[in-house]
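What follows is a single structure, and I will ask about it in a moment.
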């Protein structure tokens, strides 16, 4: 048996904002079922990297493949690729003018063309999974931050994506709410969802990550399993960063 | 020798917002040179308590004495009391329309009537102390959060206050910037500045606090030296809170 | 003594401004002539027609010298000097269309007005004449006299009623007026058009009125008024009888 | 532009009148706006009611009506009031220039009231608390913190108010002030070319608007030099 | 100062006869202006300079000149141009009502397009990115996300513009239309009592403004129901 083909393959990817280079020579393969945590100082390019994966940003050097499809300007059905990739943002980004249920149903109806009744069933199933089925008919503002982020996760899951991307999903939350969101993410990880997660929650990284990636100044500086990463980091920059993150 | 007279004395202090009671029977004496850390869940009244001390809020029960002066509506020169009390806010609150140097000089000139040249000297001295003399002619927005907060501390110090109040000085900062602000605060503490600090930085509390105060629902629930506070908290509420704070 | 005189300033050739900025016209000449005789200085105030009387009453100026006819309804609110000009109206419309609007004795035939849009200046003698004689006519009211001609040419109205002397000079004699002609006899029923055009003043000033009256008579008797008229028209436009006595 | 020969100077002087009305009403507008804002922010219920009445009336009435009312009404009212004190007074007059100027200043001032109020409240309470905590007095906070921050906030809407003012000056032609639109009416009387004449007026106003817009942009750039990052 | 109350009682019903025309002007211009505004908005956010620039120029000219001048150019000025007199649009420009509606629509369209643009720019970018990440196409995002959110953001300013438009309809009286103001001015010319008549008319307009405002805030409350924390 040949080794499984990677679900996501980034080859020498670079990205500029004007003259500023936000990503430099990024190489990363993610296979099905892998759970990757990305960390690094502010501005190091973590968000930019995962946003390139579903083409919220366009990379300008190297290649990115999702399955067999290369992300280029010529890509015929970008949205077909995107619906295979769920994304959860730091600031939830729920649709403020729709109820929770409609938030979950909209993309199903428009993108997956799921019939309304079925879309509702799926939506309710995932709302139960993130433990807030009773909030279905409320509007986003009426929920706490933690609840909103769980809705955002459920909304992405409704599309049955192959991969989930998380960009600091807990960093806009009050301390008490962080755990309720992390729990949902740990569950997902246990069930074998492929995920790439930008986070500074080191407890989460320790307990579920297959690999931890440390970025600095647009480059992947270090890459290791959590055990090695936290115990014996190789690079000076990584050590400094870990000491800051873990000191308080 | 009699025990030193407290610099700040709160006796049975209460405070209402409309019908809601934000503070209940607060008793607290702070003597010169003492370093106190206040913690507790959101909405427990921490900010309200320290804001009463320099009368940004008016308490409506009990008494507050600063040195020999009681804080009442009749107080003749509130600003004389206030200039003895430096305050640092969560959101820095620098004057956005003035350079850093002018931020530091304004109150000196207006309140202390310090001549301009002298005010500038003092300002530069404290800017050096917080390690950003080179930023003197910039405007606040041009500085990072950590730098802004250090300016805010320097601005308060320029008034040569007897006491410094800190209200979650690091909680609006990115992780990397927290340490640079905490360092300045630790220095201050080592030099013997009297300070009351609302913070959830438990490392800071452990290393410099003389006393840790835990508040809940407007009351002081527990009060102890850091060793006792973290190792053997007495109250259920405190234990629960500490478990949440320290878990991630 | 300075008297402020209200006029439209856009009512050629009676009162209007030339491109060199001078206020000229028959009304202006009369005002100046009168002022010279009674020994007053003048100050001209330009006022839209429909607000002319309210403005006089609100003391925006002291006299109206603006081709205003002396009518009963106006006399209820203000006083007039004796007349210095004939007051008459005439309809102007497309030439060569025998619309048969008036019977031989000069009375309007209401049926033949139906379907016609008639342009008039708001608050003019012509408006009161139409209200009384042809209450069902389709009347369009304008804030000045100039737009009347523009809209007649543009076809927005089928006929306008205005001062024939003005219409002749300002319009019919010009190129843009070719193709238009008078389509009614001269109408000057005293009931609507008054005994003529006079100088308006606020009530309760008999002394000022007397001075104005005698000044106008003097202008008539010395031939000045004829002289003014001949500057603009080939004929005088007042009644010599007004000067007697 | 043969058609315009002879009328250039009239349009020029008409523009001067527009500029005069604009400047005079600008000063008055700021005064009315500040008084209105102060009244709305004062704790006094009655004063607030009066200020509210002011804004409701002048925002709810067509500009042309306000101008006509002030033109006709002001003299009558003022005369009536002054006769209460001195029965010998015959007439108190308000010339069209001032009736029109005050009218548009009152109208736009009612909008400026909200602008100034908003800017006053928009100053971040944090800055003010920080100043108080440093021991600065109420007056010091007002002059050193509030005012400098306020004008920056008020400037963009204030620019719009100035544009409203300049455009409202056109309405004053209705009460016979010899400004550009009235010049155009007179010129049409002799030339019979309304399109040409009104286009000239439009271009003159476009020129005024451009000058105002550029001025406000320059002021904004100056005001924001402190809040531009890096 | 005499204030003739009986005159008011007598003339107010006459002025109210013009309210229909006032509302026709308001309704028609608001509708046409909104359509124009949407076209201008789409041109401005199209990202294509040859659409964006003309729209900007249009907005600049119409916001930089007085509405009264625009009305005069269209009513008195256009007929001076041969090609307009001979075009199929002449029946519209011949009619003062048509001219007033065209002028008011062209004017309000310029303002409203900027208001709508403010609303569109106010839509949280994160929300649109979330839609993009879920696979919604550009058009779907515009219809399902941008439009409803921007509408709610633009509504308060739009309400103010509708009220300005109501007030601007009064200027139709300068081109022979007998709306409420036109009737009032005729009555004043006949009765020489500007004070009583204009004050009554001002009150009528204020009442209309009041109800218009109430109506707009009802819509606002409905569209903004999702911004309230309590359900």
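So that you can tell them apart, the chains are marked A, B, C, D and E in the order they are listed, and the count of residues begins at 1 in each.
By definition in this document, a residue touches a chain if its C-beta (ideal position, glycine included) is under 8 Å from a C-beta of that chain, and two chains touch if they have at least 3 such contacts.
Source: prediction; values computed, not measured.
*Asks:* Work out which chains are contact partners of both subunit A and subunit D.
*Replies:* Shared contacts of subunit A and subunit D: B, E.
*Asks:* Any idea what the CA-fit rotation angle from subunit A to subunit B is, to the nearest 5 degrees?
*Replies:* Copies differ by a rotation of 175 degrees.
*Asks:* For this structure, which two chains have more C-beta pairs in contact than any other pair?
*Replies:* By contact count, the leading interface is D-E.
*Asks:* Quick check for the class: compute each chain's Cα centroid; which one is farthest from the centroid of subunit B?
*Replies:* Following the centroid criterion, the farthest chain would be C.
*Asks:* Quick check: how many Å separate the C-alpha centres of subunit A and subunit B?
*Replies:* Taking the mean C-alpha position of each chain, the two centres sit 38 Å apart.
*Asks:* Distance from the CA centroid of subunit B to that of subunit D, rounded to the nearest Å?
*Replies:* Between these chains, centre-to-centre, one finds 47 Å.
*Asks:* Taking each chain's centre as the mean position of its Cα atoms, how many Å separate subunit C from subunit D?
*Replies:* Distance between chain centres: 38 Å.
*Asks:* What whole-number Å value describes the gap between the mean CA coordinates of subunit B and subunit C?
*Replies:* Each chain's C-alpha centroid was found; their separation is 84 Å.
*Asks:* Hey, what residues on subunit A touch two or more of the other chains?
*Replies:* Counting only residues that touch two or more other chains, subunit A contributes none.
*Asks:* Do you know which subunit C residues sit against two or more other chains?
*Replies:* In subunit C, the residues touching two or more other chains are 51, 54, 58, 150.
*Asks:* Among all residues of subunit D, which ones touch two or more of the remaining chains?
*Replies:* In subunit D, 68, 72-73, 76, 79, 174, 188, 194 touch at least two other chains.
*Asks:* Going by the touch definition at the top, which pairs of chains touch each other?
*Replies:* Applying the touch rule to all chain pairs gives A-B, A-E, B-D, C-D, C-E, D-E.
*Asks:* Can you name the residues of subunit B that touch subunit A in the complex?
*Replies:* The touching residues are 41-42, 174-176, 178-179, 182, 200-204, 244-245, 247-248.
*Asks:* Mind pulling up the subunit E residues that touch subunit A in the complex?
*Replies:* Residues 124, 126-127, 129-137, 140, 144-145, 148-149, 152, 225-231 of subunit E touch subunit A in their complex.
*Asks:* Any idea which subunit D residues touch subunit C in the complex?
*Replies:* It is residues 5-7, 9-10, 13, 68, 71-73, 75-76, 79, 91, 93, 96, 174-176, 178, 182, 185-190, 192, 194 of subunit D that touch subunit C.
*Asks:* Inside the complex, what are the residues of subunit A that reach subunit E?
*Replies:* 54, 56, 79-80, 82-83, 85-87, 89, 91, 93-98, 106-107, 110-111, 137-142, 152, 155-156, 159
*Asks:* What residues on subunit D touch subunit B, complex-wise?
*Replies:* Contact set of subunit D toward subunit B: 124, 126-127, 129-137, 140, 144-145, 148-149, 152, 225-230.
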